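Okay, so subunit A shows up in both of these, paired with subunit B first and subunit C after.
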Partner chain A sequence: MSAMRVDAKVVMLGKESVGKTSLVERYVHHRFLVGPYQNTIGAAFVAKPIQVGEKVITLGIWDTAGSERYEAMSRIYYRGARAAIVCYDLTDSSSFQRARFWVKELQNCEEFCKIYLCGTKNDLIMADRSVRQIDYHDAQDFAEEIGARHFETSSKTGSNVDELFQAIAEDYNDTAFQYMTEDTGVDLGQRKDSYFYSCCHNN
Partner chain B sequence: MDGEGQRATVAWETGTLAPVDRLRTERADSPTPGLVEGTEPGAGGKSAMFVHAQSFEDLTAEAEEEALRGAELDKSEEDCTEELKALEEQHNNDFSSDGRAKEEDVSSEAWRSHRKHVFVLSEAGKPIYTRYGTEEALSSTMGVMMALVSFVEAEKNIIRSIHADGCKVVFLTKSPLVLVGVSRTCQSDRELLRELQYIYYQIVSLLTLTQLNHIFQHKQNYDLRRLLAGSEYLTDNLLRRLDRDPGLLLSAVTCLPLASSARDVVSSSLQAAKAKSLVFSILLAGDRLVTLVRKKDQVLHHMDLHLVFNLVGSSSSFREGEGWTPICLPKFNTAGFFHAHISYLEPASELCLILVSTDREDFFNMSDCKRRFLERLSKRSAYQTLKDALKCPSYSVAQVGIPELRHFLYKSKSSGLYTSPEFPVVYESDEEQERLMGLYQDLHSCLHHPTRPLRSFYRCSETENLLAWVTSGFELYLCFSPLATKALAVSAVNKLLKWIRKEEDRLFILSPLTY
Partner chain C sequence: MSQRTERRGIHVDQSDLLCKKGCGYYGNAAWQGLCSKCWREEYQRVRQKQIQDDWALAEKLQREEEAAYASSHGTQTQPHSQASAPQQQPGHASLGPFSKFEEKKTNEKTRKVTTVKKFFSPSSRTASKKENQEGKTPSPSTSRRASFDTDQVSRDFVDFLKNLQKPGRDIHKQCRAFIVNMSSKKDLSADELSECVQDFYQGMADRLMSHFKGSSEPVEQVMDQVEKYIMTRLYKSVFCPETTDDEKKDLATQNRIRALHWVTIQMLCVSFDEEIPEVSENVVKAITDIIEMDSKRVPRDKLGCITRCSKHIFSAIRITKNEPASADDFLPALIYIVLKANPPRLQSNIQYITRFCNPSRLMTGEDGYYFTNLCCAAAFIEKLDAQSLNLSPEEFERYMSGQASPRFGGSEGDWSGGGPAGGAGAANPALAQLNHNLELLSSLGSRQEAVAEAARGLQADLLSWTQSVEREVHGILEKYPLEVLSCTVSAIDANNMDNDNLPPPLTPQVFAG
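Then we have the complex of A and B:
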């Protein structure tokens, strides 16, 4: 094991019990743990390499606790993040309100962080359409309004989960490439983009 | 008064057990275990790992002082039955049900007959936690509890406990919180109070006292459950531990039995993986301590350590990746958060590393410390020895070679560590284990009685004979088969102490390290 190198910091945000941890579990360990709900304590970090074209990009994923108790700490988790997966529970309208809160927070503090709006527990909707509380198009409209990408996933079946993280990695790769070409230009007034190297290196 | 009169109990003098003139002899030469603090088997070198104090008294002293300040108010049984009835009527009057897993009808007989209830409320009488049932359903009950507290306070008094109807109701006021325990066990008020303190500190460890005070200063009526959401299971688990874990009773922790050479390598590897902000490095194997390295001059209170154990043991959250969480160690400092890096050494391993840092920005530094520790450790054969030791984390009492001895607890006071064999077949079931723990708790109460403390205590019953003995160096609780005699018990003590001395390298951490 060598020192950890992380290309892009990704942060999971959202109300408690919307399924942030399950999403990470599904993506990283390809599993869905059934059992009593266990909330995350503080935050959990996991690094995951992902193939984009010919390149390998390592995502450093911060799975944060949804509990209000840790809200004051959340800044350290999303600071410098290149991507934020803002989760809401498709069957719980209050979780969408919370998602709006996180979006606002990110817009205010992290202008370089790309937002991925993610409706979770899609399998429940598939089983019974009447439990849906957040309309697909409403969420889609909101996503467009804030310039975010929008996904509906199920960690239980795995539906759309890999697609979500793949999109993050590809977007990162594209923008990283953009910065690179910008850097070679002659723009003397270019802003110093400390977020380019993302996460861990800025302390 | 304590209802102990009928028991067949004999207290006896202990002067003959060990030759006094040999107390101070060197550890290496001494076949007789020292009775004096610092020379007993399991005593760590000069630098103990934990805050050194008369731990049990230390824990309860605060509350007692408070209680003494106000004139003692031990209500007579007649006075209190009425109030208790009022409480129970309240239970009948209000019930509501929503779909929580914890849901239980608080008006039911089953709810009422739980052995031990714990309630936490704010000084405004708002429910914060209940062990059984839901807080919502108990809001008026908790209102009555608060009314009792305020009523007595208005008379410039403090309510400590109510004894009635085979039930003890114990109150602990820790502004801005009030904790109430209702118990049908034979534990003393003091023991119950100590358990409430644990629950209080559990809450403080999540929020800090500063934050807690701040919240209630601004909004007396605040619903603290908002901030504690999702932590109820930590409190539930802590209460379970208080019933079952001898470590919480003895105010001590136990170690994974491990050859001292291997433990030294693990400790020094951990010592080498240091960082500026690092205060404590703790390696756990399940509930057992493998080693603990600390910053020079900083000591950990066993209570804080138990809170950390409880946090790690209660949650699968840290198996997911590397955990990074704020944690207040209330016995160290109630005002601020440390930040703990918590992770398992390998995915399915029992070995969990906890790195406690002062800097909340230091995650990647801590992560690197872990990597360095693991790298160093993997190169040594000690890692394999450690993994092998995990396969037998306990030992059988038969190893001691005292036929009538079934089980024991031995605590070295100066190191704050204890050792105990696995439960024998007779105590295999959960009920039996809890019963035995209850007996130990009883003995513990007697030894540490606030006004009439005992040095030793022998007790016969139909199911087992028990002996408890406390010196300035150690505390010992032995459980014998009912056929054993007192003479045999006395001779067993010496034999056991010698055995522990012989095995102390393996059972204890004798040379704790600092950075």
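Then we have the complex of A and C:
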């Protein structure tokens, strides 16, 4: 059993087979950071330390089941998440519709959760531009509208994958730092955690 | 009770003092007005009857459950003696070596224990009140053990705090004060209790944080110990408290899972291939772990059970698929395990962990992830309908009401396309195993018959052989009767036939001389 400390919870959301798991797989196996990372037998939960400046931030990456039959339960998953990677398949417009659904859900339920919009399977676009169904600018506009950051990644080539997670870690670090400067030690913890635990009650 | 109030009066009738059985000795109120001898007899009789009743009830329930199970599995009408023996354990897809068989047996035993426990658990109101009391009779020993456990935990806690010196003493004092404080708040609702405990955690963590100057590692260590100490002490009063309807929910979930016993791997799209012994082994371990959760007291230990269970599930999936499992594989598998295990007091445990676990662990860490999945599984099972199993509503209804069973419904095509593991054969592996065993049994039966036949033949042969030998001997005897010739003792040549032909014996000639 690992008692590894995790700083922030990151959930992966998105339709089935958009490549949530591959994204995590790609990121974790292509690691260049030395840390107390132990080989997990599944890719469903990964604790990944990331170097940000002089600090090491550990992200707990939660994979979720994308099948629609578990949709009703998804709220249980992203409760208390600090970041959500909402994935859509660049070659599948229906997956983008689903992404919009997740974004709305997150905005309604988790105001503290930062959203990262992630278009996957970019390598397919590189090979053949005609398969693209989601325009880059459309997605970018949508991201700006909801105040999210937008990435287009390929788990096959690894392009933009590290950048995505690095951005999450940095953003988390910045917001945590903001809290720090706003209040002094003890109070901040209380505010932050009382929020956490108020979530436990909405069961 | 009424007797005692009578006895309050000063005047006591002499007849009141005598043994109620009328044996002439004096009775005693403590023995319900009987004398010691009669009381002992009476007590023994009642007790014996009680024990027998309990056994009968347990057996009856067991039989009913098996009957329900057998009928749900349809058709196979087994002789009763057989039906009671193989209390079917899901997930045993393979004929393992003998040692494994033993292991399965013990596993079955533990399962049986849990079912028996279920009868005694307060949730089964159907059992008579007496039954409940009977269930509680061993309580002196268990409570003694429990208090031993808490003592042990307290000692560990003190030892741990000794290393911290002055703040350690401080922590101990606060924890003690908190526990005393909590014991006076028994009437609070569960949420309020939870709030108290969480506030205490929070305050403690803050103080520790400032003491350790912001380094979180030692803080978490101390917090783990604090949680362990406090929750072991408070467990009895805050687990499944009477102010909540946790117990009702437990019962509902338990019944729900029982009603869903027909759900197959294929319907849930679980990627287990239980034909592989390693996989079925992991499945069994996962089931054991999730059942074990109920026996732990500290929220963290309960989480540990869930995590172990999840790891076994991951192993099973990895062995089946030859690649690491994703959440798309994991969640259905966990649902399947929960359905198979029917863990005792599932809702109470989930509520307990949610209310009293250190929140930072629950929200972020690996344990938290698996716990969240378990919550999802429980929610899924609660809301499960035809659509979530890719069935038509009619089929779902029929399976739920027990009118049809997916295993023998003859409608196997309906879901075989649904699962990735569908290729392994539409029938449930456990069922395949059952069929296989039945075939083996019947072939064994026929072989045994053949052996018996041959044995009978041999016996007949032996009989006829002796007879024929006898006959032969008789024949020979008849053919050559034993003639005892009368043997007349006579002169040496009395029967000499040729006497006449012989020359006359020489007669002595006398020569005158």
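The rule we apply is simple: the second predicted complex is superposed on the first by the 169 of 203 C-alpha atoms of A that agree within 3 Å, B and C clash if a C-alpha of one lies under 4 Å from a C-alpha of the other, contacts with A are read in each partner's own complex, and residues count from 1 in each chain.
Basically, contacts are C-beta pairs under 8 Å (C-beta built on N, C-alpha and C of every residue); 3 or more make two chains touch, one makes a residue touch a chain.
On a predicted model such as this, the values are computed, not experimentally measured, just so you know.
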Q: Tell me which partner A:E25 touches in the superposition: subunit B (first), subunit C (second), both or neither.
A: both
Q: Give one of first, second, both or neither to describe whether A:T175 is in contact with subunit B, with subunit C, with both, or with none.
A: neither
Q. Which partner does A:G80 contact after superposing on A: first (subunit B), second (subunit C), both, neither?
A. second
Q.
If we overlay the two complexes on their shared chain A, which of subunit B and subunit C does A:D7 touch? Say first, second, both or neither.
A. second
**Q.** Of subunit B and subunit C, the chain that contacts the larger number of subunit A residues
**A.** C
Q.
After the superposition on A, what does A:D63 contact: first (subunit B), second (subunit C), both or neither?
A. both
(Q) Looking at A:S159, would you say it contacts subunit B, subunit C, both, or neither? Reply first, second, both or neither. (A) neither
**Q.** Footprint overlap on subunit A, comparing subunit B with subunit C
**A.** 1, 3-4, 16, 21, 25, 40-45, 63, 65-67, 69-70, 73, 76, 200, 203
Q. Within the complex, which stretch of subunit C touches subunit A?
A. 191, 194, 198, 202, 205-206, 209-210, 214, 216-217, 220, 269, 304, 307-308, 311, 314-315, 317-318, 324-328, 330-332, 351, 354-355, 359-360, 362-370, 372, 375-376, 379-380, 383, 387-388
Q) Of all residues in subunit B, which touch subunit A in the complex? A) 101, 206-207, 226-231, 233, 311, 315-318, 320-326, 340, 360-364, 367-368, 371, 374-375
Q. In their complex, what parts of subunit A are in touch with subunit B?
A. 1, 3-4, 16, 21, 24-25, 28, 36, 38-46, 61, 63, 65-70, 73, 76, 200, 203
Q: Note which residues of subunit A are touching subunit C in the complex, please.
A: 1-9, 12, 16, 20-21, 25, 40-45, 47, 60, 62-67, 69-70, 72-73, 76-77, 79-80, 185-186, 189-190, 193-194, 196-197, 199-201, 203
